[in-house]
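What follows is a structure written as structure tokens; I'll ask about it next.
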Amino acid sequence: MMATRTTDVQTDAEELVKARESQAPAKQPLVKPVDDPVIYPLELPESETRLTTPAVGQRATRPDGRLHGLGQTQYIDDITFPHMVHAKVLRSAHPHARILNVDTSAAEAMPGVLATLTGKEIPTNSFGPTLQDQPVLAGEIVRHRGDGVAAVAAVTEQIAADALEKIKVEYEPLEAIFDPLVALEEDSLKIHGGDTNVYASKVIKKGDVETALAASDHVIHQQYQTQMVEHVPLEPHASIASWDGNGRVSIWSSLGRITLGREDLARTLNLPQAKIRLIGTIVGGNFGGKNEITNEPILAMLSRKTGRPVKSVFTRGDEFVSSTIRHPFTMDYTSGFMNDGTIIARKIRLILDGGAYCSWTGTTIGKGSILAPGPYNIDNILVEAYAVYTNKTTTGAMRGFGAPQVCFAYESQMDDIARTVGMDPLEIRLKNAFNEGSSSPTNQSLHSVAVKESLTQASERFDWKGWQND
Amino acid sequence: MIKRGRGMACMWYPIGFTVAANASAATVKVNTDGTATLLTGTVETGQGALTVLGQIAAEALGVATDDVHVVSADTDATPMDTGAIASRTTYVTGNAVKLAAEKAREILFESAAPMLKVRADQLEARDRRIQVLGFPSKSVTIGEAAHYSENVLGNPSIGSASYNPPTVEMDPETGAGKPFNTYVYATQIADVEVDDETGEVEVKKIVAVHDCGTPINPMLVEGQIQGGISMGVGFALQEEILFKDGVQVNPNLTNYIMPTSLDMPELEVELVDNYDPTGPFGAKGAGEPTAVPTAAAITNAIYDAVGVRITSLPATAERVLTAIEEKRAIS
Amino acid sequence: MMVQLKVNGELRSADCPPETTLLKFLREHLNLTGAKLGCDVGDCGTCTVIVDGESVNSCLMLAARAAGHDVTTIEGLANSQQLHPIQQAFEEHGALQCGFCGPGMIMSAKDLLDKNPEPSVLEIRDALSGNLCRCTGYTKIIEAIIDAGQAMSEENTPA
Amino acid sequence: MRPFDYIAPASAAEAVAVLAENGEHACPLGGGTDLIVDLKHDAGAINLLVDVSCVPEFRGLEETAEGLRIGSMVTFGEIMESSFCQEKLPAVVAASHTVGAVQTRNLGTLGGNLVTCVPSADSAPSVMVLDSRVTLIGPDGSREMPIEEFFVGPRKTVLGPHELLESIFIPKETLGKPSKFLKHGLRKGQALALVNAAAALWLEKDGETISEPRLALGAVAPVPLRCLETEAFLAGKPATDKVLAEAAEIAVSESKPIDDFRASKKYRCHIIRTFTKRVLKRSIEIAKEG
């Protein structure tokens, strides 16, 4: 049910805020300057690169680049609407807990606070690109510290932030798991119920890896690990929602994928897609981190409750704690190879720390597994990969979907193989690298392959052969 | 003592989603003065996607980049797009844009054919004109053709199209299949200095040679590679979200250590000459793969410098020094 | 409190609460949104403006503290005829991608080039170390600043 | 930020009076690079900022017959740009250069850095090795003390409730004394120090014997640490690698580094050892270069 605050209450709140005149921002300069000091160039010639045909291959300058340099680009936080209010989200106090009660009454009573929202009020409180296992605002359980538990809309950001401190949440703390290897254990606590914390797995099998390892001149094994990494877009996630008299909601968002974003909004808000307009602005850095909805449904609900446009901008802290991050991988690599450096077998096991929710793990485990053997002709391959839930920050899409992790492993091992057989790192790679028409680990015939070309060209540019260590 | 080392790493990376449909649609409308408007549902997230898509539309229509205005990212106005993800925009959305522009161009050819008294299939669009193949002096401007088409024949030059990369489902037991339609390849080589008394690693230079098929805009591809490397340097040496009892201990830019301008090496970037017949004008993609091989190139260079294998990232000074000391203890 | 200061050569004033930072004052009271809020604690540099000829993090400076001083923001660089040489060079080099760091980056570059028109690469890197960029690896930004410095020197050299 | 009031007094006396009038609710504001960040997180009881950054008594670099007086509100940028400091106080200039980045150095002040009194304060070791003294001003007048006595604990100094740091004084005897500052952080730009080290010393006429050695380390103890035992060991010793190695061990034993997410105690000890040797060695080289 959508509770709408009465006009009286709103007016009261506004009066109170007005009374605190010195604390509420005055939106316009009181002394209007005679000449606005902002003068933008209007008659600038275009760069030749934009005027030349053929267009492909030109080092064409970017029309958005000029506006960036002028400070004229409008990111979400640069947009304001009349009567716009600000939302903040309260984050979980525990990595894993049952929510017993959320009491927002003290927050709602604060002057300047127009509405609050809890997970129970979200029509369909789940989303996710593969599994819909993530709540918009946690309803019954929080599974990591970044989970939102309640939201506030207030006339200023500061009042909204102050109001969060007035929200009383009763938790029953639950056992939490932070180590993916512990989460894999049979008797471990199951973070999303069921009988396992493994929520995605992948197998890539080619040839007969065990026989080939047994037939190899050399077998080496190494475990590699990578860490959790944040995207750090310079622009924090931001959005504005505004409900109109026709029952349509317009949402300006820093999302990088609006078509699917609108599907998620329609689902969570239980609205027809035609009633939702999602507008992407210039995004101030994405890198995979802005490919899911975050506060958008919350703002839509708050806009409907308050009758005002509602904006929220992540703090830098929210950006770390509540947006997705890169999956840490634990990677076991065993390679079998011959005295001449030919790699004949590679056996790989990948454990992905999946964090609290699935997010883009499906894509990450898929790409990570397919790419894991590296760009090499290896006839016998076995890759087994598992993603497990932990009570940590949600891991999702980040530039490369698992590829930087597995590349760290397979390329470290290439050098160790080279050393084992006494070959130069360049030679071992040239010997094993894909050719045009090579068969990939999934038996796909590859076209426009350029591994060897890139190796040769890079080595020449670097002067690999002439290089001396000192 | 400062020890120097070099290391290389190569990589492969797919374009688009893993098997799953990830379509893009696009609409191109040629205005009656020969300029054009492109509608795309993708979002500019900094890569220069809109510039590249505009260049693709311009190329297909035979006009210049500046002649095409790109409208993007509004679900009320622009066609569906899977979005700025999976290094797919140039390839997938680019193919959709090219197909849409070609449809609009076909309408121009049909109207220009009677103007030039030839068949439509004898025409080409280039240098802002529609001209007879082999007889470039016999031509009309694209604006003239578009005006004639829209205002005389009543057949506005508009094309809409979509593209989804063809894939084949993977076998659940073996993974066999065709999860992606195309891949890109690259090699990066790092030159590093390691202070063997502190474990500090200074990356002096990285040479990066990447394949992206045809570079639609080489300047933007270089920018992608340089930026990807900076993420790779952070991944290799410094960046890590740390936890204590499930709480992040460094959720801020003071203590989460990403590279500043002083931490980035000199970068030398080149592109492999390549052409993918399945991509728009031979193009594949460039976004994500740029960040892939950097860490391995750096840790291989660390090995070359001081003889220790870093198996756990990031290779912080403390971790490198610990490895050096362990090696000394053994030998 | 009433705060009056000079912004981009013009006297501007507005009534704001005493806790208003210069960044908030510029963005919310003067509608100059070129300076950005990226971290709010002086780490990222997206809020960089120049006060009395020195670049500062406007998120760490109170508007009250800037009262009576001379503030230059990204909006004050170009005029109706031309881009500032730094803006021109950034555009030509494709030095900005997502652009969010751009206004701060350009203001830091201006602070540097106003004092040292021919900086070395290391001096440029040092001058930009308070401006984080996640898109570009800083490479094209540095190239653009070198070019802009040359262009500014030529502008200032009598023919 | 939570609401607070702001006042910019015109003199030191006025500043002290305003602070005294408002008790614990008032807080002096310098460059603000630390305080404004703190206030954004939690303002506590503070509801009045007393901006002392432009108070004339706290400003200015002044050369007197006795030495150099640096007003507490002199910014790191101003120190770096001063040709006098570049010539006579290269270690202080070098330390100033490692504080934050250009924008924070243009706001942040030497006095503010000392008053904030975090163990890793970059400026502290560089002024400690020059036998600096500080002058404080409060309701009961002013007092002066060696800088080492100023620091009490993490984020705690001897400053009384309404007392302010007026200036830092560097005696003429140490102006131009061979000195060096080194910092080890987790990256090059905007680095927080894991360890920072400053040294100053003379060589006797023989060009070998160390005289009046000073060593100070940052981020190795609850307060910036003057290594008195190491100094006592070094005085009168020849400037050999062996002596420096022994000095480094003493410096490690004088330090009490912490274990935290940035680095282990073991690693910090290692860096203390390495950096003590390096900073002394560089100081000796500078002394030899004359």
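Labels for the chains are A, B, C and D, by order of writing; each one numbers its residues from 1.
Here, a residue touches a chain if its C-beta (ideal position, glycine included) is under 8 Å from a C-beta of that chain, and two chains touch if they have at least 3 such contacts.
All of these numbers come straight from a predicted model, not from anything done at the bench.
J.: What chains, if any, are shared contacts of subunit A and subunit C?
T.: Looking at subunit C and subunit A together, the chains touching each of them are B, D.
J.: In terms of Cα-based centroids, which chain occupies the most central position?
T.: Chain closest to the assembly's C-alpha mean: A.
J.: Starting from the mean Cα coordinates of subunit B and subunit C, work out the distance between those two points in Å.
T.: The computed centroid separation for subunit B versus subunit C comes out at 30 Å.
J.: Rounded to a whole Å, what is the gap between the Cα centroids of subunit A and subunit D?
T.: Distance between chain centres, rounded to whole Å: 41 Å.
J.: Averaging only over C-alpha atoms, locate the centres of subunit B and subunit D and give their separation in whole Å.
T.: Between these chains, centre-to-centre, one finds 48 Å.
J.: Considering subunit C alone, which of its residues make contact with at least two other chains?
T.: Within subunit C, the residues that touch at least two other chains are 1, 17-18, 39-41, 43-44, 94, 97-99, 125-126, 129-135.
J.: Can you pull out the residues of subunit B that are in contact with at least two other chains?
T.: Touching at least two other chains: 45-46, 48, 219-220, 228, 231, 252-254, 258, 260-262.
J.: Give me the residue numbers in subunit A that touch at least two other chains, ranges are fine.
T.: Answer for subunit A, listing residues that touch two or more other chains: 22-23, 59, 61-62, 64, 232, 282-287, 316.
J.: Connecting every touching chain pair, does the picture come out as line, ring, star, complete or other?
T.: complete
J.: Once bound in the complex, which stretches of subunit D touch subunit C?
T.: Against subunit C, subunit D makes touches at 1-6, 8, 29, 31-33, 36-37, 39-40, 49, 51, 53, 77, 100-104, 106-107, 188-190.
J.: Considering only the defined contacts, which subunit D positions touch subunit A in the complex?
T.: Those residues of subunit D that touch subunit A are 1-3.
J.: Hey, which residues of subunit B end up touching subunit C in the complex?
T.: Residue positions touching the partner: 45-48, 219-220, 222-223, 226-231, 252-254, 258, 260-262, 264, 267.
J.: Per the contact definition, I'd like the list of subunit A residues that touch subunit C in the complex.
T.: Counting only subunit A, the residues touching subunit C are 22-31, 33, 35-44, 47, 59, 61-62, 64-75, 77-78, 231-236, 282-287, 313, 315-316.
J.: How about subunit C: which of its residues touch subunit B in the complex?
T.: Within the complex, subunit C contacts subunit B at residues 39, 41, 43-44, 93-94, 97-99, 124-126, 128-142.
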